[in-house]
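Before anything else, here is the set of structures, which you'll find just below.
Both complexes shown next keep chain A, but they swap its partner, so chain B is in the first and chain C is in the second.
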Partner chain A sequence: MELHKRTSGSVHIIDVKGDLDLFNSHKLKESVNELVASNIGGLILNFGQVDYIDSSGVGVLIYSNSLLKSNRTFFHIVQLHGSVRRVIELTKLIGFLPITDTEDAALKQIHGAR
Partner chain B sequence: MEWLFFATKAVVLALSLFFLVSLRVRVQVKALDAIQFLLFWAFARDLLFAVFPQPAILFIGDIGIYAALLVWIRRYTGQRRSDYYWFVAAVVAAGVGIAVEAQPDATVFTVHLTANVVLLGYLLYSTSEISVHNTRDSELIVDSRFVLSSSLIILAAIGTVTAYSGGAIGHSAVLLHYIAIWFVLLTQSQLHHLINELTIASLRRQTENLFEFMEALGGGIADRVDIQRILEMICKSASRTIEADGAIILMVDDVRNTLRVRSMSGFYPPPYAVPEVVKHRSASLHEYVYNTEIPVGETLLGQAVEHGDAIFIPDSTDDERLSENTGRDFLFVQSFIAVPLVVNNRVLGVLSLVRRDPDHQFTDEDFQHVQTFASHASMTIDNFYTYLEAIQHREIQREVNIAADIQGKLLPKEFPRRSGTEIAVYSKSARGVSGDYYDVLELDEDKIGLVVCDVAGKGVPAALVMVMIHSMLRLIASAEREVGDTLTWINRGLSGQIDLDHYATMSYLTINHKVRRLSYSNAAHHPLLIVRDDSDVIEQLDTEGLPVGIERDVVYPQKAVDLHSGDVLVLYTDGIIEAMNLEGEQFSMDRLARVIRENSNEGAQQITDTIQSELDEFVGSARQHDDQTLMVVKIA
Partner chain C sequence: MTDTELSPSTEGIVIDDRSPLFDTIGMFYKEFPSDLRQIRYFTLIIVQKSPPEFQEVNLLEQQIGEIIKNAIRHGNRHDRTKKVRAWYSFTDNEARLIVEDEGDGFHALERWNEFLKERNRCFQRQDFERMAAYVSFRSEHSSDDDGGNALFAAVEYWNGGVVFNERRNRIALRKIFARIAPGIGIDAGQGQS
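Moving on, here comes the complex of A and B:
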């Protein structure tokens, strides 16, 4: 798994690439922690290049959501697809996690809310 | 006779030219231009005098030689304001020299004497002023100034006394010029020979350094040194290898998209503006540079990282990119190198080196050396990261094994059979420990409780979640308590107790044998499958609700259905229906349903065994990534 970071204004975007599983999901968690510590305007996780996620990965999403919520920071997960989306659906987390179709829509929501 | 003198001079001149040219080919010396001009000037003067034996030619020729020498000296010391007056005086002297040619000898003598005392005096004074303390590379002038000065004094004296009329004495004296120039060139060539020797020695040292560095790195890895020490080693070795005055390594901070200083050695004036307050104390400058974060793309260092291309500025003079580091500034940098540390197209950081000595710029070779060095260093850093990852991987695996022990103690060894209801379980872990948990509780004489659970993650935290679910079930679950309430309470107990990223999907159901009634509640687990004795249709039972451990305030609803003798209940985890064969095909819900339907008349254990063998046959030798748990209940 690889993480690539970008920004759009004060909103930070992490492009996640590859499989998110037990052995690497802690890296995403650490990155989210670091970003949140540095006072960001919003966080978008782009899952366009993720084809597999296990429960540890889902755990990190739940964790990120709770962390950013308690921090009152905008958080969106975008471009969920295929088996990754199905895992989230099966776990009944679709309504719980802030899932948005595209990055543009997420950015629009963040900027519109300000 | 005069032609003989001229021929002698021509030979000397030819030799001088040959020497000069060969020297120029070997070394580029900026100060040599003036000497070369001196030779041509002397040659032209003597040629002219041989044709037109006018004393003024020799006189003006000498003034020209003084001028050339003054220019040469100023190449080292820099211009002086008084030089301007000197050149004016020289032009005036030359003019007067021509004008007084027809005048009486005494007047001519006075003019020549005055001109020589003033012009040569100034030149000699300027030469004598030079020392290693006020002039760079003064060695050449210091070494040759005695010979030069004395030959010039002799020449001037003879010229003045003989009224620059040439003749035997005058001509012999002129030869002195060439000897003096010879001497200067000789000294210079020796100097450059020495520099060459030093260069060769330094090249040898560079190679040795590189080997030393590689060895040290090998040892470093074996000793389990941390990344910080490796970076410091790289920084120092690179600096030593190309004899830089200062070196720095900045690493990319992926999260903030900035560069942070990780190691610094020597004196490194940064290629960006520094507040005056910290500029002049090297300790505070060091601290300032160390704590300055550079956004990727900004400053020369940030640019090297953004584009992944090395930057080489051998000469900072007039280079706008180093405008903060020019002139007499404390941050002065003569040569600058910044090489990105790249592995597999990923820029890890940047290594930058500077040299401050204006006459000792980085060469193309130095630059190449640093590039080789940087690519080696990048690989080392990358290897180190991989190594760390492997260690981490091992630690996780170790934790997973501990968790397996805990889990082994939690899972029920046998199931109650008093009621006649048959329960069978098949459970297989994918990597040593399962994230799946199942349990069977005897709530009272007529009622049993069944749980199948898929805990997120593995390892000790996941095992702890299991332990908590295990304990809470025994505390909370009772024959009287509704299944929905039981899940609600378990969720409340788990939420906030465990790390935010640990959760579990969970199905809980109770079966009352006496009245043949089932109550079911689900926390985002796969729905319960029911195959009726008299039907081939598989019913799916599900209720709303998030996994447990995420949101404290979730209230779990429940559903109740009547059961009949011969009904089959099936609970399972992801690993069963997502089991994959080598073609990447999943076992799927359809296959599971088919096997259940075809075998629904069998006992629970038989159904379980059949599903297991079908599953084994389906996946073949494909390695499974998820735990598989299947619980089958046959109602008596």
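Moving on, here comes the complex of A and C:
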């Protein structure tokens, strides 16, 4: 799994690439922790290149959502697809997690809310 | 096994040693060491027996992996001297899996079932504020990297039933795949005047 970080203004975007599982999901958790500690304007996790997620990966999404919510920071998960989206659906986290179709839509929501 | 023998599992996981889901006749069998590092490999050994026509094989692999992972982590507590035993079979429209560990059993099952019911109530009401307290199930054995959500997905995915034995160290699961009506293409009904 690879994490590529970029920004759009004060919004930070992490492109997640590869499988998100028990052995690497802690890396995503650490990255989210680091960004939140640096007082960012928003965070988008782009899952366009993630084709596999396990319960540990789902756990990191739940953790990130809780952390960013308590920190009152905008948070979006975008481009969920295939079996990754199905796992989120089966876990009944659609609606609970801030899932948005595209990065553009997420950015518009963040900028529109300010 | 007929559809009338299905045990609904979205309201919780039942305990029933006599469930037909525990019948291992005609199933493949494999033993695995309690080594999480090889979980994807173990799972692929099982999934490779599934028919090539199966849809969502990635999801099937993920769901089987979670059950074996639970056996290694919560059942055998990573003790590599203990084995995970798996029975599995596939037909054109069904996947069956039985996984047994050498642990003390899932003693928090009743608490988990209650947790699931409340979680489902929150979801039905779309009460996501309250649901925040029910997204992850934790027990005294949960570790930081344990998502605490695998069985929630399992009871949805394995729509033909999820059952534990009395000792609670053996779980049986059945997935029924929807049949596509023969002769009806995925574009049927579109473009007709």
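By our rule, the second predicted complex is superposed on the first by the 114 of 114 C-alpha atoms of A that agree within 3 Å, B and C clash if a C-alpha of one lies under 4 Å from a C-alpha of the other, contacts with A are read in each partner's own complex, and residues count from 1 in each chain.
Criterion: a contact is a pair of C-beta atoms (placed from the backbone, for glycine too) under 8 Å apart; a residue touches a chain by one contact, two chains touch by 3 or more.
Given the structure is predicted, the values throughout are model-derived calculations rather than measurements.
A.B. asks: Answer with clash or fit: chain B and chain C placed together on chain A by superposition.
C.D. replies: clash
A.B. asks: Tell me the contact category for A:90 with respect to chain B and chain C: first, second, both or neither.
C.D. replies: Both partners, chain B and chain C.
A.B. asks: Quick one: classify A:66 as touching chain B (first), chain C (second), both or neither.
C.D. replies: It touches chain B and chain C both.
A.B. asks: Using the superposition on chain A described above, determine whether A:55 touches chain B (first), chain C (second), both, or neither.
C.D. replies: both
A.B. asks: Touch test for A:82: chain B only (first), chain C only (second), both, or neither?
C.D. replies: second
A.B. asks: Using the superposition on chain A described above, determine whether A:3 touches chain B (first), chain C (second), both, or neither.
C.D. replies: The answer is first: A:3 touches chain B but not chain C.
A.B. asks: Show which residues of chain A both chain B and chain C reach, each in its own complex.
C.D. replies: 22-23, 54-56, 58-60, 62, 66, 90-93, 96
A.B. asks: Using the touch definition up top, name the residues of chain C that touch chain A in the complex.
C.D. replies: It comes out as residues 36-37, 39-40, 56, 58-59, 62, 65-66, 69, 119-120, 123, 126, 128, 131-132, 135-136, 144-150, 152-153, 156-157.
A.B. asks: Touching chain C in the complex: which residues of chain A?
C.D. replies: Against chain C, the touching part of chain A is residues 21-23, 25-26, 51-60, 62, 66, 82-83, 86-87, 90-93, 95-96.
A.B. asks: In their shared complex, at which residues does chain A touch chain B?
C.D. replies: Checking each residue of chain A against chain B gives 3-7, 22-23, 29, 31, 34-35, 38, 54-56, 58-60, 62-63, 66-67, 90-93, 96.
A.B. asks: Could you list, by residue number, the parts of chain B that touch chain A in their complex?
C.D. replies: Residues 254-257, 393, 396, 435, 454-459, 499-503, 505, 524, 526, 544-547, 550-551, 574, 625-626 of chain B touch chain A in their complex.
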